[in-house]
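Multiple structures are listed underneath, in structure tokens.
The following pair of complexes shares a single chain, subunit A, combined with subunit B in the former and subunit C in the latter.
So, the complex of A and B:
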């Protein structure tokens, strides 16, 4: 009894499978269309005399390619049995429903003929053209910046590093969006262990979707709760090529014009392309200027608060009358006075960043008049404080990386509070805390304050100074490159 | 550190700001200058006058002056505070004026009190007044007397006219048994503040003073001088010959000559180099021979002046040149200890030798 039933059941199964296979082409096409039901931008074109149906997304394909590679051969085909173009290498034959759906989603066209499906890549969505990067402008050097398409970005990098050793690993990220993330390194220069670690980190990400490289960095950072960014992002292909050549790893996220450099040190955030393209003396001078700006932006307002609240002895005699005179009408304690001004300035900056350029000008005028003159005349703030706040705001924009500059501005508020509480002692405590925090950070396992601490003597040629190229003989220690000597 | 601690920390910073030893600058009477005078008042023997800038508006340069009588400096500060709405602070004092009577009676108490005060830096200048110190502060011709005297001291000491004496140097010279302190001397004349010369102290008591020309020569004997000038008046055949000697450098050497174990005499050798820019003499000074003659004349003149100064020092038994230090160096500690330091300068013969080199006589030759 039992044996008969199992035999019957087995036969039934076989029959069913046969029926499924017979019905395959029709059902494949049907299933695909069913999957896309409700997608009004799906185009379905049928050529009954040839037994051909093509399906694609209207906005995902390039019309020229569609015409040249697909429609023209179809028009020229005379016979249902003779379709030579389907054997061309750009047509990929597949019977897998999932592959077909993914292909269509990526901008390919699916051609259904007889029982089979063929995919042809004619993708070419509308994209932003290559333009100079707005967040990272340089005066000298190349002007092109990355765009949102990873294909274009990768091509820009490949054009700059023409080496077969440039390896690219593609990793899908995002459970829903299925975005692509590319990990780039130069084999023989980059440390394989570090590359493996980076790939591992990206593979471990569990998230619905990643929209931007800045978002990705937060998912792969060593210390996500730290005040400072641990990965440098650049929007310029020349900077990325330079990082690759130094043995660093580069991560390109599809849909983002920013590219992650790993590992990065704190001081990398103060470098720009101009440093390298200008003569080394001017390059060094601007770099020193930037570090000076960093010190002013983080400590100047705090110093004002501590000097006017506690350490009046520090004020030069000739400045004393000006300072005390301008403070005499102000009803607030210097700490609150400084906080009010700093926060107002942050309001202005944030409003200016969000508003379209045409309206943004209004902010500048209103802010300039209200803060520059009216606040002083009304006796809400002192003249000297305005100069202090303005100079620390200007210097905060000297820091090339916007992400870093935002972190520094936040740290500044901490210092101002401490200065208002304990004076110069408070500033010292704040600076000590900041140094402790910075030196405890790592970027992809590499020390964040290198080459200052730990001290890498050889890397000082490209740190506070930008030494002549003849002196840059070794690659930086930070990426733990497997090939230390440059020019090899 | 968990998040709660951080949030409470920030909260505390905001709320506790102000619960501290705050000195917000507009609430301070920041004293720029202080004077000390002796009084016969029954409440105390020390009259302290302080001036501080009026900081109520940016443009005003007004000074406010407060005065009190007390027994000590700290007590005076306490009393001064009650005479103004602001808090009196010392952190910006740039100079102190010692009135003549007060200086003659000894200034040790004030100087050591200022040295101990952590608010007062060691670079506060010490100045002696030829009259009551309070009169100098109450000069109305210049609006900001504190910075006026400060600048005057700076320019004059850069020209090596007067010594630049601060609290640190003053008390160092006072405690050193081989030297006595000196300080610039000011006087109010026709409503203006003028520099008179150098006040000589014996220990902490003001004893005598040198005029401006003498104090220039004192500077030559005291240390190396980098750049200064001297107008020399010489009697010559019923006329007075004026020679303006502009010296670039002047080096000084002090040699102690001993006879056995005793100090025999001290010789001060000054080597000067410079140019003569003005000469009202009859003959021109173009030839080398005449220049050598002039060198000799100038040297003799300076030597005479220097000997006069040493005479004054000997009279007052004060060792402003620090000759005691050189004697000390040449003796063993035991010998130095047994020496009569009070009469040391008076009894030791001192000679001065000046060597002048005139390197040119100006641009047009």
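So, the complex of A and C:
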């Protein structure tokens, strides 16, 4: 009798446990659905004969995958107890409500069966196809550029660095958006300490959402209030592969076609893929041209203002008459004259950048007339200034990085003001301030002006010059690579 | 990254501290004080300065990893040394500001006759303040960039070669000079700056055992630049003319004329501000270090403004060139005394300490 009672009690206990588990499953499903209440794009399909409910976002999944990996196995299942497909490796069993919610948000489908939830990755939202990058065009070399999907971007990088040593750490960023950030490095080449530091920086970010890599850089920079960007961003997988091979760390942000390279030097912003794909002599010449453009864009207008305001004696006599004739009708002093033209040009640039291409052309023509002829005929500016401002504008676009170019243009205004106040001394003061500012910057702890200062002799083969590949025997010093010799 | 000064940067730093506005007057100073072929004196004075650097190298050899402060405090209590530190800080900060003022006075004469001296001077002080509050590694990095932005000016001398003549050197050596001690001090001050390396010991990357050689390298660069400029000046001007021109090097640069630009001395002299700034900043930096040791209770961030303000008010009344000259001479003399005396004192202390320890 006693034995029977114990048996019955045991059975009762089991039934109770089952009921609790069933209740748990039901409550898990209920809680998940409650979390998504008001989300009309959430799809919920129930198969009562199999005790299965699947939940997913319609726009986040790939329809083919949904059909092949989930729906077909369900249709073929004969009864509730025989669902072998749930044991497949692409189904991840979980009872954690948070995991289920995050999975659905990431394009996975949640399958609720009996007392458990299963997640299957069938994500495949609509994405932009791989196209050439618009901000980083090259003439020679590969043309494909990154897109907004981190998966496609990572695949493009992996295709170029076919190495098991290429490691990827995924870090969730954004309290609300739950975006993904990936930190990439090649083990054995990149410095582990530097990788750890980068991961730490990203993990510490406290923000609702990160929408773009440019936004992320501002959250991980050493000096967020600096005038100049401290991380180089590229949109070309070949450039990123090259950075990884040099021992640098790369950060991919989901939703952004720009990829961060860390650490970056000021001079990295003047390099392009073409430098490396062209013959080294032409590559070097182009690079020198770019540094020349940098000097002109930052200082030419300021020098004009300084010379025409304070130091007329610097102009040779043959040029002096032309300049004086050109300036004789202008009622403003050179500082105002230059500022008016520079600001007008900035207006044109900004309008051109924001307007649709078709209207943009109109702006170009109107701007050309206003700047080119009308301003001179009306006696507002001199011909020489037009040439000066136009040269500064053209050279500013020679700088390959738009972010750097914008910073340089802003610095130019500072130099123009100082030149208007103190002539050549003002320009020198401006340059001193810039040099001190740049010298004190660091990119992920590495000096920003390397290899010039601190002076890394070996890195000069890829700095002002783009030396032949046979001379590039060591990896750059900046990333503090744990394996200094190339080809190893 | 190792945030220590590498030997390459140390050499540049030493050269940049040494060479300053005196360069513009040096050929005249040599002509007046040492007579014909006075440029040879650059080499002789440089050799004497080299011996002074050798004294510092001895301190480095015997110090066993200690800083200058630790060496001194190993024998004399800090309380006793505090007034000495403060005095040194005061001398160096006043010297720094006098160097800055000297430069600004010339700038004013050249281009800003109607501008206020105070305004121009304040700008230099603000720049110096902006740099001196940075750490030593950043100052060194900035100095290297300044070096690259200014060293090309030496090559302007090539322009003068066709206009120079060996005949103007005359066959006489050191004839018609005053040969005074004052002259020696004046030329010696042109080489000063290397003594600051005493305070740089803890900031130097000492992985390479022969790093001290870079101090000599810096000194040699200074000597080469000085010698070349003075030699060309003696070959370009006649001896009598050289004695009368206030700033012979300035006139030398003014003579350079190229197709697109003339009278580049206004630009070149302004670029010289970078060198002046390094000299001013480095003396202020050393003064800051001394004051901090002498008055540890004062918050570190207030030290630079205190030193600049005190030195500013002490030198406030000096605002014309002929008033500045005796000040520069006195403080130059004091700085030369420190450059020679401090290493000797340190060696003496090290010797006593060694004797005591048996």
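FYI, the second predicted complex is superposed on the first by the 466 of 488 C-alpha atoms of A that agree within 3 Å, B and C clash if a C-alpha of one lies under 4 Å from a C-alpha of the other, contacts with A are read in each partner's own complex, and residues count from 1 in each chain.
Throughout what follows, a residue touches a chain if its C-beta (ideal position, glycine included) is under 8 Å from a C-beta of that chain, and two chains touch if they have at least 3 such contacts.
Values in this document were obtained by computation on a predicted structure and should not be read as measured data.
**Q** A:449 in the overlay: touching subunit B, subunit C, both, or neither? Say first, second, both or neither.
**A** So A:449 only meets subunit C here.
**Q** Touch check for A:166: first (subunit B), second (subunit C), both, or neither?
**A** Neither subunit B nor subunit C is touched by A:166.
**Q** Name the contact category of A:428: first (subunit B only), second (subunit C only), both, or neither.
**A** second
**Q** Tell me which partner A:315 touches in the superposition: subunit B (first), subunit C (second), both or neither.
**A** Both: A:315 reaches subunit B and subunit C.
**Q** For A:183, decide between first (touching subunit B), second (touching subunit C), both and neither.
**A** neither
**Q** Could you say whether A:420 touches subunit B, subunit C, both of them, or neither, answering first, second, both or neither?
**A** first
**Q** Identify the residues of subunit A that lie in both the subunit B contact region and the subunit C contact region.
**A** Touching subunit B in the first complex and subunit C in the second, residues 310, 313, 315, 422 of subunit A appear in both lists.
**Q** For subunit A, which residues are in contact with subunit B within the complex?
**A** On the subunit A side, the touching residues are 308-310, 312-313, 315, 317-318, 320-328, 330, 333-336, 383, 417-418, 420-422.
**Q** Over in the complex, which subunit B residues touch subunit A? Could you list them?
**A** 10, 13-14, 16-18, 20-26, 28, 30, 32, 53, 55-61, 89, 91-92, 94, 119, 121, 146-147, 150
**Q** Per the contact definition, I'd like the list of subunit A residues that touch subunit C in the complex.
**A** So the residues of subunit A touching subunit C come out as 310-311, 313-316, 319, 422-425, 427-429, 431-433, 435-436, 438-440, 445-447, 449, 452-455, 480.
**Q** Under the definition above, what is the set of subunit C residues touching subunit A in their complex?
**A** Of all residues in subunit C, those touching subunit A are 1, 6, 8-9, 107, 111-112, 120, 123, 127, 130-131, 134, 138, 141-142, 144-146, 148-149, 257, 259-264, 266-267, 270-271, 273-274, 277.
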